[in-house]
Amino acid sequence: MAAQAAAREAPNRPMVPITYYLLLAAALFCMGMFGVLVRRNALVIFMCVELMLNAANLTFVAFARMRGDDLGHVSAFFVIAVAAAEAAIGLAIVIAVFRSRGSVLVEDIRTMKH
Amino acid sequence: MNIELVLFGAFALLTLLSAGTVIFARSPINSAMALVSTFFFLAGIYVLLWAHTIAVMQVLVYAGAIMVLFLFVIMLLNLGESPTRGKPTLARVAGGAATVGLFAVLAIILLKLPAEPATLSLDAQASFGTIATMGEVIFTRWLLPFEAVSLLLLVAMVGAVVVAKSRI
Amino acid sequence: MTLVEFFRAAPVAPDILAPSLWLIIALPLLGAFICGVFGKMMGRANVQLVACAAVAGSFVLSVLAFWATSHQNPETGRLAALFPNPFGIERDFVRYALAYDYGTWFSVGDFRVNFGLMVDHLSGILLLIITGVGFLIHLYSTSYMEHDAAYWRFFAYLNLFVAAMLTLVLADNLILLFVGWEGVGMASYLLIGFWYDDPAKAWAGRKAFVTNRIGDFAFLIATFLLVLLVSAFTQQANASDYSTAGTTAQHYKAALAQKGPVTFKGLEKMAEGLVDTNVDQVDLSTPIKAGPLEGYTFGGVMTAAMLLFLLGAAGKSAQLPLYVWLPDAMAGPTPVSALIHAATMVTAGVYLFSRMSALLVLSPTAMATIAIIGALTSLLAALIAFAQDDIKKVLAYSTVSQLGIMFMGVGMGIFWAAVFHLMTHAFFKACLFLGAGSVMHGNGDETDIKKLGGLRKEMPWTWATFLIATLAITGIVPLSGFFSKDAILHGAHLNKLGGLEWVGGVVYYLGLLIAASTAFYMTRAYLLTFEGPRSKEAKVAHAHESAWQMTLPLVVLAVLSVLAARYAFGINFFDMTAQPVLENFLSPVFSASKRIAEASTLVQLDSSRPQVFPDYLKAWAVALAGGGLAVYLYRVFFPARVGQPVPAYARAVRRAAQNKFYVDELYELILIRPVKFMSFLLFRVVDALVIDTVAVRGTAWVTARVGSALRYVQSGDAQAYAAVMAIALLGGVVYALIQVMQ
Amino acid sequence: MSFFDTHLLNLVVFLPLVFAALVAMLPASENGQIRTVTLIAMVVDLVFGVWAYMAYVPGGPEFQLEYRARWFDLFGTSYHVGVDGLAVSLLLLTVFLGPLVVLASTTYIKFRIKEFHLALLVLQTTMLGALVSLDVLLFYIFFEAMLIPMYLLVGVWGAEDRQMAAVKFFLYTLAGSLLMLVAIIAVYFISAPVGARSFDYASIYNGLLSANQQLSACTTEGNCESLTGLAATLHTWGPWLFAAFAIAFAVKVPMWPLHTWLPDAHVQAPVAGSMILAGVTLKMGTFGFWRYAIPFFPVATQQARPFLATLAVIGIVYGALMCLAQRDIKKLIAYSSVSHLGYCMLGILAITAEGATGSAYQMLNHGVSTGALFLLFGFLYERRHSRLMADYGGIAKVMPVFTAAFVIITFSSIAVPGTNGFIGEFLVLLGTFKSDLGEAAGNAHLTAVFGAFATLGVILGAAYMLWMVQKVFFGGLTHRENQHLTDMNLREGLTVLPFIALVLVMGLQPQPFLDRLSPSTDRFLARARVGTPGAALEVDRLRVEVMSLPSPLVAAPSAPVPLAAAPAVPSPRQ
């Protein structure tokens, strides 16, 4: 029985190290951030934010795999949900702003000054 | 040379490529499309990580719902190509540089940290990341956050309507 | 039954009387309260009744107390008026005194003050003067203030004053004495400013109080020094020190714990302990080991304390440099001047030093200073009095001058004479003031003696009493003033202050000069007021004699100022070598100082009697000379030269004297203005400018500027902010990296 | 063990708040009712306050009438109240002023009456809370909360420049107390290892105690480099922490040169504001020095004493001189406060039994006499609406009773023997003369200099107060407006009477009050002397003993169970 259990152990085929996934996530995150920082179109900036969120998700999931439990998945799940909400509100705002200003370029929307 | 690594490499490459397109595409519509592909390839990566549920959700929620939102908005505002590349202000240059630097540093750190996937028993593998297991945790241990999120979504919906509507 | 036996059989035995000593103070206090609170609704007559009754009551009690101080047990025939000295050993009794301790007033740490009252022969005499003269003056006031609407306030204040003054003399410790000390100051402030709607009078009251406060400042510091001195003594003294003081360490410390460090008895004991008997540990030249006074010698601290007390006494008793308030204090109603500023309050300084004679004799320096201050004050005041035309001012300066003489007495260590002069002065000066008041009353409040004159016939009673009092103060045999003053001069002549022998001589000759000038200005005042023709500018053509309430006190006081002379003679009147009655009577009080003076040969106190020849004759001649000069000048010389121009120098001298030698102006210049100026300067510069404007508003200004400077950084460009965030993030990660590296 | 034994202080502190809720429910138009309810609240509070004062046993343990309940265990803070002798005396003063303040404002305040009384009640609660709290964080909360109602009192019901004055007052105090907050958190962290940390006064003090002893020991030897652990920390940071506390409290006192908010605040504040400000708020500063700053950092105190004492003496003389420069009566009284509080500080810094007790007594005196002065002037201001002496003169003619009252209070303020002022001032000066301030400053003889300069205040005090009295009350009735001023009415008389009574009682029978102060004095001295080199330590007096935290089982915030388990009054220990 013990032997059987040993046999039922996972086959030791070489696996992709989690580090790769994390590197991918990092790259994704940085690209998103880059976009957020350099693009002027509010919509695109939003997309980049989505990218960053995904990077985060990827990290969660990767760690979940690494630790072998579901927590990361749950977090990712919530992140997705929140991202949906965020997107809805954000896009609504973009629309509102476009209505009022006729543009979605951030330099046209410098309302944060005074 | 195993199949998993190959798949990972492929997906990762494509993900990064489409992500790059998202950032650099001139017209928003292209960015949006690239984003969709990014989501899809990420879903693939999730599968490689045995996170089937998340992969599915990724496709459904992101590639499905969110993207549609984006596209609608783009159509709605019929945004053409952004006329010019906008003058590179100090902020942008600095920010860009910072992100590059950030990636470099992160990379160094990550490479220093050895991280191996856990080895799971077969039945553990069988149940890992399935709807069943996730549903179980979400509806038992994470019930309250779950409900909170549902509420959040509701609020977001109403908020979106209120904000976006020209006159109520 | 001889007089002596009569005095030794008190109606109330001391041990019965002692517990009710507080009533002596309480009665006038109660009177003050009733008059002050209900006076308005009670009506004039009742107020007068209450006020006089209160004082009369405490007068009766004072008589009983005074009587009890020499009470003898009828069976054994031994003295009954004694109580164990808490600071002494078991068999150590304070004789010819009664005391009662009403328990703690306040006690903190090892400091404690008790409500302790004590009557001995010294305070007994003062009691009688205060309540007796006080009563007469209350009686006088009933008539004098008959037209004043605020009579109730007046009598309330007067009673309050009496109460405070009684506290002062009854207290058995410095702090309780200080209560009375300040209390009388307060009462005199209220009474001087009684007619407050005249700003000058209110100002005079304030001047009096503040000047007194300067004295109190010194008084307090001196008290603190004594407290420190006592603690140093208890730390350093050895058995023999205590035995010199006739006590032991545990007795003394127990008494300290029980009665506090500032009781007169305790200080007396310490003074005795400080006397040098080669075996002892502590004497005047011993440096203090520990504490704030570390390094100073006991003697030095004692001298400092005594000099500070001198400043305090100078404030209360109007001596240099603080005499300036007294002449202005004449702004108050005349009875007040008589009671407070002649008879009682101003003598507090003399009382204080007599009380602490035991400490005083340890410091010849202080004694000499006191004597010289007294002499100079006396002379200065006399000179100023030459040229004053306001009768009350003349009397005021004469008071200052007489107080100076008392200080001479105290300073030269002839305490009994000082007290004697205090007593006689209380009589004749009160009589003079009341006489002046009567004169004013009868002449439409005219106080300028140039505008009076010829009252002799119109106011016979006033005239007679005033004349007697004048003779008394000028020192004409056989009136009391002569003997008291002469006793002081005699003592001053013969007593020797260690190391400062010259002082005696100086003071003596100054004293003679003062006596002459006193005679001069008093005679002048008398002549101008009562003799000669009635002045043309007189307010009323014919003065009227005052009512009996006013003349009666005059008569009584005049009689007293004659009879008091008796005390200058021995029990047996004709024995010219016997010890004077008063000296003998007061010897229990001053026994300690005498002992100390003998033990520590710092001062030699001479106890000889002045003889008819040469002392009396000399003094008499001097007085006569002064008086005669005045008579000549004002009866013969000036009347003959009316209309002729006065020589310039004379006018200059006269103006200077009239303006009190510009002392007030001097103080104004060197003291008051600088303080006022400094306060304004500090207020404008430090408070308003430096702190408020520069420091406070400056900070605000800087903050505002910095804020507006930072405003330019805020571009409102969201991406710029994001970039900053990114850079910050980068920094954080780099930090993390460095951490990982190590 | 009845309800009151455990909850007496809670009652005293929170009754005003409860009544405030009641007042809040009343319609704003019902001025009469609002006043009455507030007055009742204050009177009831007074009753309980007196009860607490009586219940305090001088001989008993340090902190009595203690109550402690769990509160934010996470921060290691708990709701912990209790009083020592000083606190209970100041508490008495506070509740004593309460009703009088309300009475004083019945006609003075003309608008926003409801809000005004709410502010009064809340202020009362915060002040009492600050006095009784034995948890440093709790104290800080009350200490800060005090600012808000006071700010409103000055800023809403004040005179012309109320805004400026209120803001100045607020910023001044806030700047100080924020520093203190930092210091509080710092001591919280250093005084105990992780896990054992607590904001409780006792634990912080006891935590610092041994380190302080080591520190003072090594300071006497002069080699503090070898110190380790907490002692070393205190060696480096103690002075800074002390400075933070000291500045916070020095602003409140206020000590020269941090005093300039006081005149403005006093001048602008309504009569109630001035009374409370002078009566209680200022005492928070001296109280803070006494309770927190000095015991926590005795060594730093020892180093700073000469400096602080110099400031105190400057304050005494300077304040008095300022008074001579004033034309504005309220400003004069305010500056006299600066002078009087200088005495309090000097007494505390003297670290002698006489000085400390005298200072504590002077705190009470100042509350009574200056409070009364502001009250009386408030009456005058209501009638005449001018603060300038020049606008008065000869008032005594038309307002004799008022004048009498004012003069009596004046005598108390200038410390005429027989009034309360004398006892306090005398003891402070005596304590100063007996103190070792001189040695601390380097030369033993300097003590006398400190004392002498402080005693100068006696002269100047008489000078300025009597000057003011003369200008206002004496002389001729020069102004026509003054000729028809009415004398005090019954209500006003009744308001002043307690003050006069207290002036005389405290002057003639101080011992009962002193008896309650002396135990705290002894402990304060013992703790302060930890810093003085070569002083004999009364070890039994050093540690702070308080009741322990009730066990979680009975942690229901109002459950007196842990107390019930303990022996009878006073103040059980566990």
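All chains are identified by letter, namely A, B, C and D, in their written order; residue positions are counted from 1 within each chain.
As a convention for this text, a residue touches a chain if its C-beta (ideal position, glycine included) is under 8 Å from a C-beta of that chain, and two chains touch if they have at least 3 such contacts.
Just so we're on the same page, UniProt names per chain: A = NADH-quinone oxidoreductase subunit K.
None of the values given here were measured: they were computed from a predicted structure.
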Chain nearest the overall C-alpha centroid of the shown protein atoms: D
Whole-Å gap separating subunit A and subunit C, where each centre is the average of the chain's CA atoms: 95
Centre-to-centre distance between subunit D and subunit A (centres being mean Cα positions), rounded to whole Å: 59
Subunit B and subunit C: spacing of chain centres that average the CA atoms, whole Å: 99
Inter-centroid spacing, subunit D versus subunit B (mean Cα positions, whole Å): 63
Contacts with 2+ other chains: residues of subunit C: 717, 719, 722-723, 726
Residues within subunit A bordering two or more other chains: 33, 37-38, 40, 107
Junction residues of subunit B - those touching two or more other chains: 91-92, 95, 98-99, 102, 106, 113
Chains grouped in pairs wherever the two touch, ordered by label: A-B, A-C, B-C, C-D
Interface residues, subunit C side, partner subunit A - complex: 714-719, 721-723, 726
Subunit B to subunit A touching residues, read off their complex: 2, 4-5, 8, 12, 15-16, 19-20, 22-23, 25, 28, 31-32, 35, 38-39, 42, 45-46, 48-51, 53-54, 57-58, 61-62, 65-66, 69-70, 73-74, 76-77, 79, 82, 86, 88, 91-92, 95-96, 98-100, 102-103, 106-107, 110-111, 113-122, 124-125, 128-129, 133-134, 137-138, 142, 145-146, 149, 152-153, 155-157, 159-164, 166
Complex contact set, residues of subunit C against subunit D: 36, 104-111, 175, 178-179, 181-183, 186, 189, 193, 196-199, 202-203, 205-206, 209-210, 213-214, 216-217, 220-221, 224-225, 227-228, 231, 291-295, 675-676, 678-680, 682-684, 686-687, 691-692, 695-696, 700
Residues of subunit A that touch subunit C when the two form their complex: 33, 36-38, 40, 106-107, 109-114
Touch list for subunit A against partner subunit B, complex: 8-10, 12-24, 26-35, 37-41, 43-44, 46-48, 50-51, 54, 57-58, 61-62, 64-68, 70, 72-74, 76-78, 80-89, 91-96, 98-99, 104-105, 107
